[in-house]
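Shared between the two complexes below is chain A, which pairs with chain B and chain C, respectively.
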Partner chain A sequence: MKSQLKQITRSSKFMTGFILIFVIVAFILIYPLFNPGNPLEMIGLGTFFRPGTYVSVYDSLNVQRTYTLRLPEAAANRIDGKLSYDDRESMRDWLIRYGEQEGVAGLTYEEIDTYDVHALLALWWEHYTTDVFIEGMITADRRLVARIDSRVERIFEDSDIILMMYNYETGEYEEFGVVTATDYVNIREVANTIWLPLGTDNFGRDVLKQLVSATGASLIMGLIAGVIATIIGLTFGLLSGYLGGIVDDILMFIFNLFTVIPGFILLVLISFAIGQEQRGMLTVAIVIGVTSWVWTARSVRSQVMSLRNRDHVNLSKLSGHSLPKILVRDVAPYIASYVVMAFILQVSTAILAEAALSMIGLGPMTTEQATLGLMMNWAMNFGAHLIGAWWAYIPVVLVIATVSFALNLMNTGLDQIFNPQLREG
Partner chain B sequence: MSEKRQLCLSGKGVTKVFGHGRKKTVAVNNVDFEFYSGDLISIVGESGSGKTTLIKMLLGLTSVTDGEIFFMGKKRDIRSRKNKKEYWNGIQAIFQDPYSSYNIFSKIDTVLLDCINMRGGRRFPIKKKIEMMREACSFVNLKFDEMTNKYPFELSGGQMQRLMIARIFLLRPKILLADEPTSMIDACSRATILDYLLKLRDEIGMTIIFITHDMGLAYYVSDSVYIMERGKFVEYGSANEIILNPKADYTKQLLDDIPKINNPWEFSRNRRPAETGAS
Partner chain C sequence: MSEQNTTIDQLNDQPNEQPNDNEQPGEQKSFVKRTISHGFFKFFVRRLFWLVITLFAAVSLNFFLPRLMPGDPISTLIARLAAGTDAELIRRTIEHFYYQFGLYQPVYVQFFTYIGNVIQGDLGQSFSQFPRPVSDIILSSLPYTLALMIPAIFVGWILGNVLGAVAAYVRKGFDKIMLPISLFITGIPAFGMAIILLTVFAVNLSWFPAGGAYPVVMIPSWSWSFFMGLLQHYHLPFWSMVLLAIGGQAIGMRSMSIYELNADYVKYSRYMGIKDRKIVGYVFRNAMLPQVTGLALQIGTFLSGALFVEIVFSYPGLGTTLMSAVSQNDYPLLSGLTLFIIIMVLVMVFLLDIFYAIIDPRVKASLVE
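Up next, the complex of A and B:
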């Protein structure tokens, strides 16, 4: 036993998987301490805010101190910020296609550098005109270009902004400050800022916070389903393998039934039959567990069949031990390592099953707790993949992949320890 | 022979068939036997002759396809768990492979305590239990104090088999079935094990049914010998009769197969060709 434990800690595969799971679980436990609050709180009014740090404009105007800084690239950055890369692409397209006017030569792709805003703007002002009606250009494009042109017009201006405040007593606006181009605030002195590393989702909820709690929920569901599947599979497998005869025949019939009916279809049908209101997290976990025990049962059965005629089992029988005692004391410990492996695999499959089930809208219907599958479902329903809101679903996919990868790695590592034939070199 | 002896285990037409249809294998074929109390009976035969199957049937570990087994003159009934437990109070076994006879997860104390519990000692004070275990261990020349908190696989093969005998010493059954208890251990330990078996018989008055493939060993220890070939008893009688005056060809051949130290080992000319395939 001790030497096997030592082998487990030496198995690089098992330890890699174990450390991955450990890190994930530690993150789930520690993150809420630093960022408490309801993970499903809708903080953003609007859908799919980009990842980044959000600073309150109102509070940044009202900070105690402003600092004057002269940054060398400030003007260029400001211009970049005003003119997005997409805008610059549109400008280039226009220049290539319609840039050739009377007295002005046309431009080729190579001549235009979208990264050099100054050169681009110089070209733009040289070529752009609203005087000529260009045939074949759709109205939407025309308006887009006109919008860009008007934005570009004052792009180099950095005149001061006067701040006015409404005075309720006199009913007039009074000047209370001036913001110049070189004014800065320290972000720490702004009363309200929020860092959203993964932005917000379709309901304006913090994706990272939601993801952490969803991962925890999915792991718990996986564990519950895994425990249920392992207990059912172990019991049936032990009875079927040990008793043999008619009991084995009946149980094998049930195993075969469950094997030939595709598990996922059974899962979908049961989930559908339960109905939306009844599908809580626990219910879905139980349903997953109840439909996925059959592989554990089959493999436990074959292991027990080879054990039941061993001398130590015979000796235990001769000592007058009862059937449960023999199963628990003389059979189960011998297949324990195998059952642990099967359990890890069951947890992994249960997490995947939950994700798949929720993805098609048959997962736990709860507004209190997100799961990984539900997050995917929301992202899909609100078209995150169409808008390009990658932060709403890519991190979820990565977490699902990492968790099941880690669990499978642990399983393979254990397999190599307990089946010396699979050991490498 | 002259004194009136009690029949302790006998069988009539005992048969065991594995499988059915074309895959049918008759492991034990219509066997009759009568074992008397206080004897040491040897059942000799080569591998695959059905010795172990017969033992398993006698122990009630496998069902009997056909025939009757009588225990202490009465027809055996082990259908209910209670009867089975009672039956196993009277009949116990030692298996061939000491390494696989123990549950590797339970300690030696547990093995011995189980025996005390089975003999109705569940309520005994702990001191008495330890005393009983110590006595059993000293019977087979094991030191009990070294055995506690050890696992059986930490012992040597000979020690394990001696522990098995200690177990029998605690259980004190009427009949002991020893299924080749010496085949997996070295020659020195073999003699010790045999001595302990004889000691068990003399001190407790146990009937021992000794299974072996070694004719010489059978002659050395037993009162009567049964020769088994392909699921049948081809010959039986007292050890002297069988060894000195063998009737069946198979017996003669078994006797020829005993390696002799003085003479070079000759293969007999009329030797049956070795069986091929599954037997």
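Up next, the complex of A and C:
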């Protein structure tokens, strides 16, 4: 036992997987300490805010102190901020399509460089006109171009902004400050800022916070399902392998049946039949466990078959020990390593099964707790993948893949320890 | 491993030994052939019998599992469909359905009616696309799933096996990189792979369209432009499936090949001075056979993978139909789909079993005895 443990710690694959899982679990436990609160709180009014730091505009105007900084790149950056790349592409499209006016020649794609803002603006001022009504242009496009044009008008003006405040006593606006182009605030002095490393989701919830709690929930569901599947598989495998005869025939028939019938389809069938109201997290975990035991049963059975006629087992039989006692004391210790390996795989497949079930809308029905699958489902339903809101689903996929990768690595590592032929070198 | 080798040897030796009995070699050959085909026929019948039993079990599971669940299906159904209408109306609707669905009959009568209907291909009518028959909906989406799944399995199987064999043969550096990558890829669920490809190649790079089976503006027809449109939409779902298949196959092939490379015949061939490339050929052939069985066991996983890839790309196959059946609470459609998918997998496994028996000399040898 001791030497086996030593071997396990020496297996680089097992240890890599183990450390990965350890880090994930540690993160799940520690993160809420630094960022407490309900992970499903809808903080953002709006869908899919980009990742980044959000600074309160109101508070940054009301800070104690502003600083004057003269940054050489400031003006150029400001143009980027005022005129995004999409805006510049819209300008180019307009210039190519409608740029040909009276007395002004048309433009080709090559003539317009969207990276050179000055040249682009020069062309724009030369060609753009609102006098001519362009046929076939939809109103939305016309308004978009007009908006861009009004922004272009003021692009080089770094004029001061005057801050006014409404005075309730006099009913008038009173000036309380002036913001110039060189004014800066220190972000530490702004009362309200929030760092959203993964932005927000469709309901305006912090994705990272939700992801951490969802990973925890999915791991727990995976463990429950894995334990159930292992217990069922172990019992059936032990009985079938040890008893042999008619019991083995019947159980083997059931094993073969469940091997060819895809477990996932059974899962869908049962989950749908249970109905939305009864489908809690525990129920889903149990259903996953009940439909995925067959591989454990098969591998346990084949191991037990080879143990059945060992001397110590026969001795135990002759001594009149009861069946459960023989199974637990004389057979089980020899297959422990296989059971552990099968259990690890069960947890990994259960996590994937939960995610898959939730994807098609058959996951746990809950509003209090996110799971990895539910996060995927929400992101898909709100079309995150079509509008480029990668932060709502790519991290979820990566977490699922990493957890499952780590568990598979642990399994492969163990396999190499117990099956020396697979060892490298 | 050595045991299997002797069976191969026996098979090879048989025609050589027999001529001692003063028989014509030609006659002998036809005798072996006849026994093989007879044995094969028996094998075929046995597998067919097993197929029928599993089909029956699948139909029973599909019938009984939902009925084992707590709650009365009709009242749940009506509650979902008719929420908000007055109680008397709901009661009468329930009664109506109770008689129409024959729920007053004993369960075994219902079960035999069900089996009879399934055999006739009648899976009921869909709720969401009423009165379209479920079988019609399934058959119209089936070609897309098959077109996606079967070529992807072939390509993925071949690529995965080659990679796995090379990893086992080279070991060292290539294997060190290959194995973790394969493990990581098998860790990515099917929808995850699909969605990553979608994000990168359809949304960010705009190389391929993001969804559907053909351009929205086109009407299905036998024209070249329509075919090109189909192909353009086919790429991403196809490659997601292939990538998924490669990962799993490569890992299996790697372990199989490592076992084979340690076998005695490999060492013997090496001492004989046979070229490495030729040995790799032998190893590949021997390790490949179990991979065919592995494929039979993985068909179910592949199929559910295909369903999710379809969902992500809104490819109009069985997966997308399944998803819409779930979201629209279309019980007849869902139940018909699950049954159909199970039957499809069973038939595919059956065909692979037969195929395996044809290509594996060891199975053939066991059939002669």
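The rule is simple: the second predicted complex is superposed on the first by the 384 of 425 C-alpha atoms of A that agree within 3 Å, B and C clash if a C-alpha of one lies under 4 Å from a C-alpha of the other, contacts with A are read in each partner's own complex, and residues count from 1 in each chain.
Criterion: a contact is a pair of C-beta atoms (placed from the backbone, for glycine too) under 8 Å apart; a residue touches a chain by one contact, two chains touch by 3 or more.
Bear in mind the structure is a predicted one, so any value in this text is a computation, not a measurement.
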| item | value |
| --- | --- |
| Joint occupancy of chain A by chain B and chain C, clash or fit | fit |
| Contacts of A:Ser316 with chain B and chain C, given as first, second, both or neither | first |
| Which superposed partner A:Tyr393 touches (first chain B, second chain C, both, neither) | second |
| Superposed model, chain A: greater residue contact from chain B or chain C | C |
| Touching partner for A:Phe405 - first (chain B), second (chain C), both, neither | second |
| Partner chain in contact with A:Phe264 - chain B first, chain C second, else both or neither | second |
| Which of chain B and chain C A:Ile246 touches, first, second, both or neither | neither |
| Partner chain in contact with A:Ala140 - chain B first, chain C second, else both or neither | neither |
| A:Ala356 touches, of chain B and chain C: first, second, both or neither? | second |
| Which of chain B and chain C A:Gly275 touches, first, second, both or neither | second |
| Overlay on chain A, chain C to chain B nearest C-alpha distance, Å | 11 |
| Shared chain A surface residues [contacts with chain B and with chain C] | none |
| Complex contacts: residues of chain B adjacent to chain A | 56, 59, 61, 81, 84-85, 88-89, 92-93, 95-97, 100-106, 114-115, 118 |
| Chain B contact footprint on chain A (complex, rising order) | 310-312, 314-322, 329-330, 333-334 |
| Residues on chain A engaged by chain C in the complex (per definition of touch) | 256-257, 259-266, 268-270, 272-275, 278, 348, 352, 355-356, 359-362, 376, 380, 385-386, 388, 390, 393-394, 397, 400-405, 408-409, 412, 421-422, 424-425 |
| Residue numbers on chain C that touch chain A, as the complex places them | 50, 54, 57-58, 61-62, 65-66, 69-71, 73, 76, 171, 175, 179-180, 183-184, 186-192, 195-196, 198-199, 203-204, 210-211, 255, 258-259, 262, 297, 299-301, 303-304, 308, 311-312, 322-323, 326-327, 331, 334-335, 338, 341-342, 345-346, 349 |
